[in-house]
Amino acid sequence: MGDRNAPGAMQTSKTPDYEAMVIGAHPDDADFSSAGTSALWAKQGKKIVWVCMTDGTEGSEVPDLADTDLMLTREQEQRMACDILGVQSVEFLRFPDGALTNNQSTRKAIVKLIRKYRPRVVITHDPSTHIYAPDPDESPTLTAYLNHPDHRAAGQIVIDALFPGTVNPRAYRDLLVEGLYPYQVHELYLYFSGNENTYIDISETIELKIKGLQCHVSQLGTETKWLDRIYDRSAAKAKEAKEKKGLTMQYAEAFRRIKLYVPD
Amino acid sequence: MGDRNAPGAMQTSKTPDYEAMVIGAHPDDADFSSAGTSALWAKQGKKIVWVCMTDGTEGSEVPDLADTDLMLTREQEQRMACDILGVQSVEFLRFPDGALTNNQSTRKAIVKLIRKYRPRVVITHDPSTHIYAPDPDESPTLTAYLNHPDHRAAGQIVIDALFPGTVNPRAYRDLLVEGLYPYQVHELYLYFSGNENTYIDISETIELKIKGLQCHVSQLGTETKWLDRIYDRSAAKAKEAKEKKGLTMQYAEAFRRIKLYVPD
Amino acid sequence: MGDRNAPGAMQTSKTPDYEAMVIGAHPDDADFSSAGTSALWAKQGKKIVWVCMTDGTEGSEVPDLADTDLMLTREQEQRMACDILGVQSVEFLRFPDGALTNNQSTRKAIVKLIRKYRPRVVITHDPSTHIYAPDPDESPTLTAYLNHPDHRAAGQIVIDALFPGTVNPRAYRDLLVEGLYPYQVHELYLYFSGNENTYIDISETIELKIKGLQCHVSQLGTETKWLDRIYDRSAAKAKEAKEKKGLTMQYAEAFRRIKLYVPD
Amino acid sequence: MGDRNAPGAMQTSKTPDYEAMVIGAHPDDADFSSAGTSALWAKQGKKIVWVCMTDGTEGSEVPDLADTDLMLTREQEQRMACDILGVQSVEFLRFPDGALTNNQSTRKAIVKLIRKYRPRVVITHDPSTHIYAPDPDESPTLTAYLNHPDHRAAGQIVIDALFPGTVNPRAYRDLLVEGLYPYQVHELYLYFSGNENTYIDISETIELKIKGLQCHVSQLGTETKWLDRIYDRSAAKAKEAKEKKGLTMQYAEAFRRIKLYVPD
Amino acid sequence: MGDRNAPGAMQTSKTPDYEAMVIGAHPDDADFSSAGTSALWAKQGKKIVWVCMTDGTEGSEVPDLADTDLMLTREQEQRMACDILGVQSVEFLRFPDGALTNNQSTRKAIVKLIRKYRPRVVITHDPSTHIYAPDPDESPTLTAYLNHPDHRAAGQIVIDALFPGTVNPRAYRDLLVEGLYPYQVHELYLYFSGNENTYIDISETIELKIKGLQCHVSQLGTETKWLDRIYDRSAAKAKEAKEKKGLTMQYAEAFRRIKLYVPD
Amino acid sequence: MGDRNAPGAMQTSKTPDYEAMVIGAHPDDADFSSAGTSALWAKQGKKIVWVCMTDGTEGSEVPDLADTDLMLTREQEQRMACDILGVQSVEFLRFPDGALTNNQSTRKAIVKLIRKYRPRVVITHDPSTHIYAPDPDESPTLTAYLNHPDHRAAGQIVIDALFPGTVNPRAYRDLLVEGLYPYQVHELYLYFSGNENTYIDISETIELKIKGLQCHVSQLGTETKWLDRIYDRSAAKAKEAKEKKGLTMQYAEAFRRIKLYVPD
């Protein structure tokens, strides 16, 4: 953004504190997408923080729940899941569910957290795919998936926070007063992407992932038949890992991995 | 969005009332893109509703027309066209022409209409393509087409209304008070797409389509030489239907069709 | 947008005054992307105007500079660079750096300038690519480039201004009062694109480009080792010109060129 | 606002077309406040126009009415009342009921109508009083009246439209393109004011006022006992007219009258 | 707002649950203005709820405190004060400190809480006075008090929520889905007013008020000399009570009291 | 706002640099209201800064002037006037004329300038009076004056900037990074007030005031008959000074003066 050797220039730190920050639009997005990876890294002794961008108040089929009650219930469910996974810290930004928007306010909130935790890796939604749809003639019984507008917004907010917000000393200058200085994230992992290039072997943590998901009772109820789908999808991703990268694993989570900084 | 068996859960209706809702940014967008399909289905006794998102007040080369006069003229032209095509109902949302924006206000307006009419199919603009441009070296006499920002906005508003707005009982909860309950659209058709997978044979309704278009005098004047282009394009789409899907038809309208729900 | 033969219709001018308007988000964006082309056309006696959309106040590593001081410094640097390149006119729109947004206010500002200068060609950022990222397994030492949100916004603002804003007599009607009438740009050039189809031979102006860049002391300091990269990239683009188009040149700037109007 | 003799200066018309424009926040506000005056002037052969700023969709005790149905019902009631009173024209601006705000959009809508109708007099809500409250110790059985936020907003919007919007040729310049030129209103009447200085004798039109009010069935139902209050208040205002101004009348409507222009 | 006997009309409840809701812009506003009254009524066995509209993050002389830490500290201080005073419940709306605005979002938040607690009395800031200033010639050593913009905003938000928001079944209709029905507050008390008409004898609770204020360490520190001012002001108000209303008390809090509903 | 003795507390400076900052909505507002006072203080060797909040682009009777041309003309006129009066510095904030709004953006711009210049006195519009209107029966040939919405906005913005913005270290914290620290203005002077309590003798500078006003050719043209009104009004204010305060002067400017800080 400017001359790095100018008098008074502030250098951007590249020394991480946390290993990873996982950012989801709603409570349970991180659980579905990447909890196995979080649990794996946590088992290796690394510090992980999860961030939930919205207040989750649209996440129920029950219309007459009070917003605050639903919000607090879901935050509690998320905290329980994080305990199981070994995630140290959870932050709730409480932007309005269903209306997440990429603007200065949401970008700044993410810049603030990234500067506070200094994660080596940031993991979030891939904002680029809007519709996952098979040809209805070829797959007449399959239905498409419309990517939730909050998911797209969350991914784009994080990317726009990563550059230039987190690294630019003049962006959101009031953060400097609080001691939140420019920091360069090393890697970005995008989940729910159509362009995966990285597979994490979650075979030893898939059970924790399942247990974490089961904390989200308000979302998933108490039946358990949907658990099979988690195993199925994780196995399908492992198969992809074999095909694309020649890697052998039983269960996998898949990401589009992007390098932002390579230490010397 | 949440546990469907929770106490007090509201179920999402999947029973359509109308066959199709066709949503365009401006009066005449639906006429150009899909009037043949609407007329065909109407001839088959199906109920069709058209929705026009903007007030159309920028649609004239005459600067000194009053906005209200132009709006009412165009709405009248649209109603006349719908009469000819057999479309039962037309709704005008009157958002400002040239400034259509994907936000909570526009999404909610669409959610409201979808819940009111419960269409099996929703037909609208494909928001994904921004520029249709041939290589200027290869086609030096062809000019590109920049997709109107209102067209992109309209398509994205509708998609973001379809999920999660129309199906989520907690989205726009005041609609429940008016008796507008969650409803699941079965299919989405996108027009002006670059990814067509579905062709509708409009050979028996192309004359109605032409007559409908001729109602839009404020847009097209009273000359008729542009009519040939309608026949040419419809024939070209029919040719594509042959090549891509092996279907034989004289005139076609083309869509990217997306299945959102498959009844048992 | 409407019947061109209606009584009172205002015709859209297609007669250019300037050869090119180059629009960048920040001071120095045009210098990096297309200064060689501007200098070349200026040497041929053509009139060029540059437009800088933001105030550039986030473009420094020094946090305690006053915004106004940095803005004026950068505008002065840009004016000096334009003098060297032979660019006749520079306009500064001063929208807030780091927060450029595609809305009616920014679109209108561009419509106003295009109608004022009537450029044959508009050159700006390609808004479509968000992330330039190699596979980290294949290129473990390469880092990705996240396209600056202001760059994407600038490109999209310009495209949405080109159609329908600049050509529609009813868009931003108050401009008519100032004598700023509808005008049709002939060609659009997008830089920093991933889809280049046009290469301009800047071999005889690359030295001017370097000198222009050196005016941006607040951004680039006074060291000169980064200059090599300009030569390297320009040579790489020339190599692409050979491969893709069979053209021979030593240094090139590359664009995605889009024809909007072909004179008879 | 500027030098009136400058070359190219546009003069502000002071020649009225309509005698009065009555502007209320909701349908029925003009009926309660000043229908007797409108009817009186209409009987004298003068042209009157009424303007309703909001869509009236919060004006019912029935929660499950559709907004559009309620809006159209109330507009029809208002048109019927105007027919009875002899008011020539009614305009509905349809800003959202309960959320009327003084901003560029609402001010411009009023400027547009004033320039279109050129009323000699504008009649609207007095925005200055927020709370009408007796001392609860002195009047323990009387309750206070909190002025509706839409009423305050409507009055302030109109006043800010009157100066400088309606008279300034550079305000909302696109209106010039439509032939809506600067115009100077002669008098402003404010109703529901605490500072009345003008009393209109409505003795010969109070019956029409009552009949007009009875058109607003959605608001007032079909009972008639509230009619007595209209007579009582009108008589009380007539008494005030005697006390303050020495005028004798049976029934009166009261206003704070403000002169904005005195013809030679 | 509409015909109360219409079919389907929803009646407005007038039966209170809580005795009082005290609404302040910042933590400690209610403590300074009316804690003695709250404590008195609580001692009489009545239920009281306090509401704090902003997050209080600008309430410190220390620039480098993190917003969240300051917010949580102040909320904890407020909860401790409420415990001492006997206030049952505290709600924190967390709108941004220093930027409180009267709009649909803030009004709705207050409507929601009033419908939830159904207080007989609402106590809040008087929004009408902007500047308390003696003539500088007459009182050369006295300084004026500029009313905090958040205080004015808070008062006006509450008043605009009281009418028509809390009583109108069609305002914020989604609240009906949560079981939050129209309710009519009986009395409004405005503090920091210039028009007091009601004095509450706080002689037996002024000690509790002092203790509550002492909880706000982040605002008032640990010195105690400012406590004298509380006694002085309360005695001055008691003196006013004598002069204006003939009431005898040692310490008083003063309000502008407004009756909104008188039970039969 | 908080404990002034807390660890890390930042003290608010009370040491002025400039004697006065005069803030007007448009170029020429300060000239009409208080230029004599500025000139007087400047003659006494005191430093004065003027601030113009809007871009002045609606200040002309000529509709087809380009906004930028009019803005630059008026700024040049203002600079010439300031030269004549001895005012050292002029700042132009360029908010849109006719649409000045009291919000975080405008308040912050004023806080920034006050902290930069540290004026002992701030002089600006009195926002409290909306309409100056005689009774039309008593003064049938006098017309009322509706206070320009920009004037009211400007005054309120300044007052809300003075407290708490300029004095609170946590307000607009990014200003601290630029070295703009909390500062306490000593006195506020409001002009165009209805509540004057302070009269400045401008007898020896009224000629300079006239000359300054004559710089505003775009507003006042080149005729001079309006000059008499300046003398008349200034003499009338001097008469008021005699009546209210017993002061003898030939020409005066009048203000509502408010003390905000009294040095020891």
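Going by the order they are written in, the chains are A, B, C, D, E and F; count residues from 1 in each one.
Keep this in mind: a residue touches a chain if its C-beta (ideal position, glycine included) is under 8 Å from a C-beta of that chain, and two chains touch if they have at least 3 such contacts.
Quick caveat, the model's predicted, so the values are computed rather than measured.
Trainee: Determine the set of chains touching subunit B that also touch subunit C.
Mentor: A, D
Trainee: What is the minimum number of touch steps required to go from subunit C to subunit E?
Mentor: Contact-graph shortest path, subunit C to subunit E, evaluates to 2.
Trainee: From the mean C-alpha coordinate of subunit B to that of subunit D, what's the distance rounded to whole Å?
Mentor: 41
Trainee: Distance from the CA centroid of subunit A to that of subunit F, rounded to the nearest Å?
Mentor: Computed from C-alpha means, the inter-chain centre distance equals 51 Å.
Trainee: Quick check: how many Å separate the C-alpha centres of subunit A and subunit B?
Mentor: 35
Trainee: Where the centres are mean C-alpha positions, what is the separation of subunit B from subunit F, in Å?
Mentor: So the centre of subunit B lies 55 Å away from the centre of subunit F.
Trainee: Can you list the subunit C residues in contact with two or more other chains?
Mentor: 63-65, 173, 176-178 - these are the residues of subunit C that touch more than one other chain.
Trainee: Who touches whom among the chains?
Mentor: A-B, A-C, A-E, A-F, B-C, B-D, B-E, C-D, C-F, D-E, D-F, E-F
Trainee: Mind pulling up the subunit B residues that touch subunit D in the complex?
Mentor: Residue list for subunit B touching subunit D: 63-67, 177-179.
Trainee: Okay, in this complex, where on subunit A does subunit F touch?
Mentor: 172-174, 176-178
Trainee: Sort out for me which residues of subunit B touch subunit A in the complex.
Mentor: On the subunit B side, the touching residues are 1-11, 103-104, 127-128, 156, 159-160, 162-165, 168-171, 173, 176, 187-188, 197-198, 245, 257-262.
Trainee: Help me check something: in the complex, which residues belonging to subunit F touch subunit D?
Mentor: So the residues of subunit F in touch with subunit D come to 57-65, 98-99, 101, 130-131, 133, 135-137, 140-144, 146, 148-149, 217-221, 223.
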